[in-house]
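Each chain gets a letter, A, B and C, in the order it is written, and its residues are counted from 1.
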Amino acid sequence: MTSEPSAGLPGAGKTVALFATCANDVMFPGTPRAVVSILERLGCRVEFPPEQTCCGQVFTNTGYYPEALPSVRTYAKAFGDYDYVVGPSGSCIGAVRHQHAMLAEEAGDLGLAAESRAVAARTYDISEFLVNVLGVTDVGAYFPHRVTYHPTCHSVRVARVGDAPYQLLRAVRGIQLLELEFADQCCGFGGTFSLKNPDVSRAMVNDKARHVMDTGAEYLVTGDNLCALNISGVIHRNRGGIRPIHLAEILAHTEQGVSA
Amino acid sequence: MSTQPPRDRDGRLTPSPPEWSTRPALPFPEAARKGLENEVQRANLRHATGTIRTKRANVVAEVPHWEQLRSAGEAIKNRTLRHLDQHLETLEASLTRAGATVHWAADAAEANRIIVDLVRATGEHEVTKVKSMVTQEIGMNEALEEAGIAAWETDLAELIVQLGHDFPSHILVPAIHRNRGEIREIFREEMGTYGTPAPEGLSEEPVDLAGAARTHLRNKFLRTKVAISGANFAVAETGTLVVVESEGNGRMNLTLPETLISVVGIEKVLPTVEDLEVFLQLLPRSSTGERMNPYTSLWTGPHEGDGPQDVHVVLLDNGRTNALADPKGREALRCIRCSACLNICPVYERVGGHAYGSVYPGPIGAILNPQLRGVGSAIDKSLPFASTLCGACTDVCPVKIPIADLLVHERHRVVEEKKRHQANQFEPAMMRAASWVMADHHRLEAAGRASSLAGKLLPIRTIGPLPPPLSRWTQNRDVPMVPEQTFRQWWKENRDERA
Amino acid sequence: MSARDVVLGRVRAAIADVPEPDGPVDWTYGRATGMPDVVGRFVERVEDYRATVVRCASGDLPSEVVRALGSTGARRVVLPTGTDERLHRAIREAGELSVVVDDGSLTAADLDAIDAVVTTSVVGIAETGTIVLDHGPGQGRRALSLVPDRHVCLVRAGDVVSDVPEAVAALAPAVRAGSPLTWISGPSATSDIELSRVEGVHGPRTLWVVVVDD
């Protein structure tokens, strides 16, 4: 019998299925890569079930329930066999936990609803998985920069990750975490809201971007890349020089650089 | 019998409402633009909602069992609504026993007919009003004006709105969109036409403005014979109505006149007196951010030797049973009109209440109006989408209405309606196509490959301003170019092969 | 079909899906809220509303009331029927005040010409700084404590309860007996202008509370 290289690490013996989320897969691949890096560093075995697609939120939240169902089915099928499903998005994770069973019920598919409920109970945002499941706040990260954190609405009020992201950030070596004014107010993205109510969305994101720029940070940290895309789009247009970064990418960063 | 008050320059008894409020409401995105462009209003709203949010947070934090209270409020309201017919019959019997006359109204027109007839029977040509959402909902003031009866608002904010030929923009503070300077101008220009004029040299200090309102309304209170109120709660077992207020205008109206007509939405009923202990804690802390509002009045029919002896109650449906019939939508009927959801809402804060095309603005309005009125009109179709679904409203609601979830539910209703009536539209077609992609990971992978190919081939790193409709996004935001490799591709190269 | 039948019919149709029976409401009614000094908290919370609060022994009550009326600048004062005779005499004998006892015939305009009213109360609520009148003897009909601009209100320390639930439990019998209630938390106020609280709109602009220790 050989001893596992992960023995003694908090993730030892845990197999984690990565839910990359469709937006991160295509637009922000560095984020799921960072999740892989952190989890492997902590001793988890990471798998990527290739059948996965999307949380379906863009359909659900626009009112297209039947159109969301394929995503619900795909999710239950891809992740049904895992004890832990982890993704880098409070919003997508929130949608899985809060909406999938409801959508199945609305469609009259009670079997799928039960499956969805079961897999939702084993689905975590990366921040809460680290803090609440692995019991780790110091993941060995090093990030010698000024950052400010925007707690995205769905991470706080749907996924309810609580202060896990702050605990993780405070434990990063070299980091300077700057307070963001009106942090709890929405950035105005809201998925299709930004297209259906573009004027209101712009007014909101302009305010959010101003508050972020007022911090003097080098990086804007979030747990949801699409919110960050929204805010940093304005900052970039205004040559604000603050770069968006996902919490996982900071946590993946060590004094040796980024592995994985 | 009173003489009719004089006519104003428009030939009316009371100030005319704004012309726009009499036309069909614009869809929310268009109406919102007007609100956004009003810089003064935006500054006023930012200040006012910021103030009230802080006050609410402070007094809620004082109550260690706040979550338990919210759950109790939710449970009591749910239990009551589940047996609403029985509670309404009990309420009717109790009111009748207490000496009040009960009227039923299926809709706004019927309620207004009843009220006009009741006022006419007194021979009076004017009434004073307690601030009441439901009388605004049914357009009672205009119905009375058409019948030759002047209805005077007596709540300070409602007075500002009425004298300003304006429309309420908030449930609790209808003139929240006005600042002190604007209020002074309204008082100076309009008070004299409709009664006691504003004093000479009126300053814009709130205490002086409140003093001017006191003086203006005092004569009206002293001479009024008929008052009209709503009710915050109606206790079924006793027939007791409850009005929660701040200024004392409510008490004036409930106490001094000879006739009192109260219009009560059927969802206002509570089974027992004891249930009030929950709601008299939840409401003031959630609405004005006070431990208790200055005045709360409870009355049970006419009381000998004290207050109006001719007491009427109009029980109103006006769409409430539509909401009740929707197992999800009925949750909105728990609403106690505190306006905490308006005050916390980042959309409301920026666009103001008028954009919602209803006396019920903000997040609660975005679900309540489509429930009460259906999703037929342009405004009611657009209201459920007037939210980023940030969920702040859900967290502050004192009766735990899952507002964000209900917004999604209403969106679903709107989309179903759209699919029924217009088959080949852009959005449903897009959604069907995207849904097809998400049904099978091979399709998503193909889309990802196309995207990363574009990332490789196109020689740009940032996408700047684009033509419409993409300009909706890029008017103020740059977008980074898609990366050259998807995560899936990376995984295949770096992990799958290793495994 | 009457409107009543229409509305009740719609209600019944709307809730036809509701299964019986109800689950219990997880709430215990009428509980006290724990606090070290109920009357002390009451005084502090009433003062938070910018009302004046004084405490006195019952023997000093008449002189405290006379002092209160004098301090608020009142000239004409109305007393409800049922006002304590000792108090009534003290106010009358103070000399500077003209005293009217309400016999029910005073009109709103009459009351508007009166500066102050002195009433008792039935319940004080510590947590919220609220005083409740059920308009029994000594408290007057509702207009009395509303139209005059100064309200001197007497609260027996023994009538002060911790919080709203205890108060509602104490007041429920009066409501069931048909009495109107007025809950008063500080002077008349508004937050309608820019959400800034301003004391004094239509109700009494001065609230002077005398807490009488038994």
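Everything below uses one rule, namely that contacts are C-beta pairs under 8 Å (C-beta built on N, C-alpha and C of every residue); 3 or more make two chains touch, one makes a residue touch a chain.
This is a predicted model, so every value here is computed, not measured.
Enquirer: Can you tell me which chain lies farthest from chain A, using the average of the Cα atoms as each chain's centre?
Expert: The chain farthest from chain A, judged by C-alpha centres, is C.
Enquirer: If I count C-beta pairs in contact for every pair of chains, which pair wins?
Expert: Among the chain pairs, B-C has the highest number of C-beta contacts.
Enquirer: Cα centroid separation between chain B and chain C, in whole Å?
Expert: Those two chain centres are 30 Å apart.
Enquirer: Need the CA-centroid distance for the pair chain A / chain B, whole Å please.
Expert: So the centre of chain A lies 34 Å away from the centre of chain B.
Enquirer: So how far apart, in whole Å, are chain A and chain C when each is placed at the average of its C-alpha atoms?
Expert: Between these chains, centre-to-centre, one finds 53 Å.
Enquirer: Using the touch rule from the top, collect the residues of chain B that touch chain A in their complex.
Expert: Within the complex, chain B contacts chain A at residues 28-29, 32-33, 36, 346-347, 350-351, 384-392, 394-395, 404-405, 408, 411-416, 427-428, 431-432, 434-441, 444, 447-448, 451-452, 462, 464, 469, 472-480, 482-483, 485-491, 494-495.
Enquirer: Using the touch definition from the top, list the residues of chain A that touch chain B in their complex.
Expert: It comes out as residues 20, 22, 24-30, 32-33, 36, 46, 48, 50-54, 56, 58-71, 73-74, 78, 98-99, 106, 153-154, 156-158, 184-186, 188-206, 229-230, 233-234, 236-237, 260.
Enquirer: Which positions of chain C touch chain B when the two form their complex?
Expert: 2-4, 6-8, 10-15, 17-18, 22-23, 25-27, 29-30, 45, 48-49, 104, 108-109, 112, 125, 127-130, 135, 141-143, 146-147, 163-165, 167-169, 171-172, 175-176, 178-196, 198-204
Enquirer: Mind pulling up the chain B residues that touch chain C in the complex?
Expert: Answer in residue numbers: 44, 47-48, 51-52, 55, 68, 71-72, 75-76, 79, 81-85, 88-89, 92, 98, 103-106, 110, 154-157, 160, 173, 175-176, 179-180, 183, 206-207, 209-211, 213-214, 217-218, 221-222, 235, 237-238, 240, 246-249, 251-252, 254-256, 266, 273-274, 276-278, 280-281, 284, 288, 290-301, 303, 305-307, 315, 317, 321-322, 324-325, 327, 330.
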